[in-house]
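See the structures that follow.
Two complexes come next, and they have one chain in common, subunit A, joined by subunit B in the first and subunit C in the second.
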Partner chain A sequence: MSEQQEISLSILKKRWLKFKTLKRGYYSFIIIISLYVLSWFLPVLINNRALVVSYEGELYFPVFSGYYAGSTFDQDVPGEAVYRQLDAKWEAEDSDNWLLLPPYPYSPYEDITVTGNKMFDAPSRTHWLGTDNTGRDVFARLCYAFNISISFALILSSLNYLIGILIGGSMGYFGGKFDLFFQRVIEIWSSLPMLFVIIIISSIIRPSFFLLIFIYTIVNWIGMTYLMRAEFYREKSKDYVAAALSMGQTNFKVMFKHILPNAMVPIITFFPFAVVGGITALVSLDYLGFGMPPPTPSWGQMLDVGLSNIPKWWMVFAPVSAQFVTLIMVVFIGEAVREAFDPKVYSRLR
Partner chain B sequence: MTTYFIRRILLMIPTFLGSTILIFVILQMAPGGPLERTIQQLQAGAMQQGEAVGSVGDIMGGGSSVLPESALRELKRFYGFDKPIYQRYLIWLGIWPREIKHREVEFKDGATSAQKNVGRGNYMTLKLEGESVGVYDDKGVNSDVWKAAIDTESSKDGVILATIFQTEYSGILTGNLGISYTYDQPVTEVMAPRFKISMFFGLTGMLLSYIVCIPLGIRKALNHGSAFDFLSSVVIFVAYSIPGFALGGVLLVLFGGGSFWDVFPLGGFRSPSEVWETLSAWGKIKDQLWHAILPIISWSIASFAGLTVLMKNSLLENISQDYIRTAFAKGLQEKRVIWVHAIRNSVIPIASGIGGVIGVVIAGSYLIEKVFNIDGFGKLGFQAILDRDYPITLGFLVIVVVIRLVANILSDIALATVDPRIRFK
Partner chain C sequence: MSNNKLVDVKNLSVHFPVHGGVFSKRVATVKAVDGISFSIGKKQIVGMVGESGCGKTTVGRAMINILRHVSPDVEIGGSIEYHFDDEIVDFAKLSSGEMRKYRSRVQMIFQDPYASLNPRMTVAQIISEPLQLHTKMNAQEQRERVGWLLDKVGLQPEQARRFPHEFSGGQRQRIGIARALATNPDLIICDEPVSALDVSIQAQVINLMMDLQEEFNVSYLFIAHDLSVVEHISDKIAVMYLGDMAEFGNAHDVYHHPRHPYSKALLSAVPLPDPSRKNRDRIVLKGDVPTPLNKPSGCAFRTRCPVAEPSCAESKPVFEQQVKDHFVACPIVKGA
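Let's turn to the complex of A and B:
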């Protein structure tokens, strides 16, 4: 690469190139992103509803159009058609009807009420990771829970960032009474055991996904706020801010157009670790029974079932391994991002 | 310096008040509190006997067939719901008189005086004096122990209802955390043994992680980039990515005798007391350790990664400083440079973390206590929330808040002690 080109590269691009050279983090990044994107297509990958059913010349798309009673396909079951059995039956009869099942034909919600499902089925070729206390497939639930965990952590971290940048930024930038007031608030807030406060609130109102994020944000915004306050406070005293102000820029513009890009390094490098915190928090809350409302698939809830039934080892190993693999990849990303954005001679956590 | 710490300690007061007000309001405003719960339980009992009952709302409004009005008043007084919230808070703090030894007195058909037995054959005479009620003993002297007030809410036409009571100042500031609803014992008595259990795990865990992390961090820093550094980094990443209670779960499955090895017990602080009492002193120690190993491992894992990396980085940063080069340049031995010059400066950030660790040790342990079924402090607080046992919940939170506030100051003091350069203003 010639010198000319190197100068023209933006700093962000340089950091991205540096990040790409850090194989462990870069591959983790690619894997996590692809898995997360893939997890949005789970309904067509892991589901008990058939993708396509061709029955007596007509085509049905149960995954997309939803419920079909068993009687629609002349199947003698109560309620919804059981497509796996239908498939086996038609196969055996060698009939003209056919259907296409998703690659892993179990839903995270179908429990013991569906014939053929057993409680605590050990891992096997049909149920890769066994079944849980109500006969639901553990692997299917694990995958759906991955999507929920990552989404939860991403939204939570972004919200925390938004509040942190707005309040923390204003605290650092304006200082004075506003700063003092919020410093008291933060001190009070941080003296409380937060998981406990969430449990108290969750025990009063049964939270949904977004309500849980909302509650968690209320109690969890201080960390980022404090970080941003320090950052804005330091940047404020620099010459470029004085220059921008003397040119008549508004406070708003100075904060978000001038200071914020300069405070970007801690914002970006902290993000993966905020995600780690979010995932762990959700697992803890679900484990205690104050997280997502049942029957939402969640690692914490599975862990709870497993720990109440110690001999069913897969109920503990499956969620812990899933969480562990996810977290360690995010930590790898975090380490690489930090290395790329804020190089030091040694590795750092947090 | 001293003024700084005095100011810090004084600043604890508004923070303490702020956080307790916050907790108090959240708990007291919450629906499904102890009063409603008790009513529901009574209602369920009545339902089983086949009586027609109204909803909780009906009962609260006084339209109940199960609960006589006087019993409802009694309940409300017991849980303190007969007072506005700010008074309840001040009573709870102990700076507003708490009414005790309630007795109800009725003034029927326009009567202006009534007698009430206040125990041990003593009678008090109550006289209506406009809006207030005077209390007189048998000699006709105004009593200064007993007080009385008209219950305007429950008084109906013709009948005026009053309560006679004593007052005292007792609340958290006087060391009275109230009486637990579920255990029927003073909160402090319920908490003391459980607090000791959590302290045992917390302190051993903390000690253990310091003993492991500091030498490990030093070794990693000195051999930065070596195979040992790389391998231990892998361990650290693993430890960082697995929460303590999840690790506890895995350990239980592996060593708890479910499907794999039966090495350690499935939980509990120690063997049940029938067994425990029969053990010899040495047997007790062994039994305690046998129960404690898995929880302590899970406990320490949380701080393991952070502490080791902190120690390593701190030492690495110091080694690259000029004063180390100077020390080498004047011909000191490497051992002396590292162990006397560099390490003393490197433990500073670790020392400042002590306060934070104490806070986490005591409050952040209920997940592990739940996994290992240890009746510790955190589990008590968690269970109290489930049971709506407000005295314990509030007492728990107060203790945690105080510990954290004190711990913050402690870490500043620790920092100032180990690093004479630091002078707070």
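Let's turn to the complex of A and C:
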């Protein structure tokens, strides 16, 4: 039985196996995916709040339950407790109280207002990539920004694809007046100067993560419609679609069960490049100051601050190398996907 | 006779408008099918022959009402009356929503076995799709039915989990036949089902189709351009020329005693595996088939007809019964 299954692989499975043989792309894929999954656990890995505090026989979980004033643990600091100092103090006193800090005990938001933080600290064993102009830890900000960048790019690309597939697919499938109408809409829409539109909107409304995604989606869904329209237009005249229709399948099912799986090649091969586009879009908006509201950690904002303090090399080096490594790995994935989907290899199946 | 009819096509016409210019005005009409009439009896095989581009395939697609999906502005005239056991339905008048419940009654086998099976679906998924749509079978019953159908068309039930690209052309066409038979249809439209196959495979597939026709009590509209194949399997033969019906009658009559000059020319071109008869009278037609965009006036065939008369240009010849059950659209040969 297993032998039977081995012969009868779907095209997608064959392409996945081919993708796995392209080591550069495959390892980049593994690394990016694991880093992204890991980045969702950042609050317990990189955080100034302790994971567990045992104080006078009671347990506290500041990472999960949030703010505790310094006075809760009999610490003489204004505002929130500083857990690093608390740890050092209890250690020195050899007291029964104890706490467990995350592996990297700095948060991307704590600046010089917290005692002990200095501006422009050079990279050291405590601050791996130094601190920035407000005393925030660069490494912590870099990691949080990675999560935000990738999430932004993934959500943006998926939304663009969803709208692009729905509208482009319907244009190609139904044709006629519907197609004509949307072609004109797209022509008008694509002639708007989009960067200005975004800058104007961001200067009126204070942008947030989802507002930025919304604005970018409104602008960027067009790209996918061209590809999907062409794919659906080509596929709908094939006999397997006629066969599905002649057995009474609904238009919706024909579009998404029959045609879409056969139109997946441009969707999948362009996806990594769409993600690259999404990451760079957010970086450039943040760099220009129209992106995420401060103090959200973001590569563009870090780059902006770093360039105005260029002698502090770590502040430029960190975001630039992070971007470089991330983008090049996503491009490697894209290249490998493209090669795995090369129709020449399985020309009989096309 | 009339109560034995399954489909009665009357004066069917399929016109595709051609748009052009700045305002997409209608500039011309492709008259792919221009008023044809014929009928198919229950458990009957009707062969339909004609040159490429004469509208055979369009007739087939009009009969299952799927033309509108590819060209939404197509104009369909006349009637395609199906006499099912319980009701009489005119497919030419139904919307695609109303059509849905009759879809299981009429199925189609396509010309290109490589394009007609979705490459992303396994054979089991392909054949069980009509079962999901038209029956209330559960997954287990569907699997059994698929295995049974595969067995009927000469494939192994274990092959159900494979993908179409793992089969040869002849095997793929068998899968197409199994899919068409899945819902026990009354009529199967076979659109040149063997023309994409090797000659040796053609014979196998045709014999299979004939066996299945008897077993499933189904009618075929067998569209082909190979006359000897059509004569071999058909009860009746319809000859088409440029969107018009030239001749329609019992297979033996049309094949051995053709009346229409086009049918005569067509039949004289059938290759005979007999060297002693190589000097038989071949009627060689001059010129090319006119374009359906701008058909000749009167009889469409008059520009190439060996027996044409000036009167042929005046009016379209009447398609009438000249001998018993033998319809011909040529007044010149009437009474001959």
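A few points about this structure:
Just so we're on the same page, the second predicted complex is superposed on the first by the 336 of 350 C-alpha atoms of A that agree within 3 Å, B and C clash if a C-alpha of one lies under 4 Å from a C-alpha of the other, contacts with A are read in each partner's own complex, and residues count from 1 in each chain.
Here is the rule we use: contacts are C-beta pairs under 8 Å (C-beta built on N, C-alpha and C of every residue); 3 or more make two chains touch, one makes a residue touch a chain.
What you see is a predicted model; the values in this text were computed from it and never measured.
Clash-free side-by-side placement of subunit B and subunit C is the outcome of superposition onto subunit A.
Shared-chain residue A:248: touches subunit C; no touch with subunit B. Contact with neither subunit B nor subunit C is seen for A:40 once the two complexes are overlaid on the shared chain.
Of the two partners, subunit B and subunit C, it is B that touches more residues of subunit A. Once both structures are overlaid on their shared chain A, subunit B and subunit C have a minimum Cα-Cα separation of 9 Å.
In the superposition on chain A, subunit A positions 348-349 are in contact with subunit B in one complex as well as with subunit C in the other. Those residues of subunit A whose C-beta lies close enough to touch subunit C in the complex are 4-5, 7-12, 174-176, 236-250, 258, 261-262, 348-349. Of all residues in subunit C, only 61, 64, 66, 69-70, 72-73, 99-101, 103-104, 106-108, 110-112, 115-120, 122, 129-130, 133-134, 158, 161-163, 165-166, 176, 179, 183 touch subunit A in the complex they form. Those residues of subunit B whose C-beta lies close enough to touch subunit A in the complex are 14-16, 18-19, 22-23, 26-27, 30-32, 221, 224, 233, 236-238, 240-243, 245-247, 249-250, 252-253, 256-260, 266, 305-306, 309, 312-313, 316, 320, 363-364, 367, 370-371, 381-382, 385-386, 393, 396-397, 400-401, 404-405. Remark: subunit A residues 184, 187-193, 195-197, 199-201, 203-204, 276, 280, 283-284, 287-288, 303, 306-307, 310-313, 316-317, 319-320, 323-324, 327-328, 331-332, 344-350 touch subunit B in the complex.
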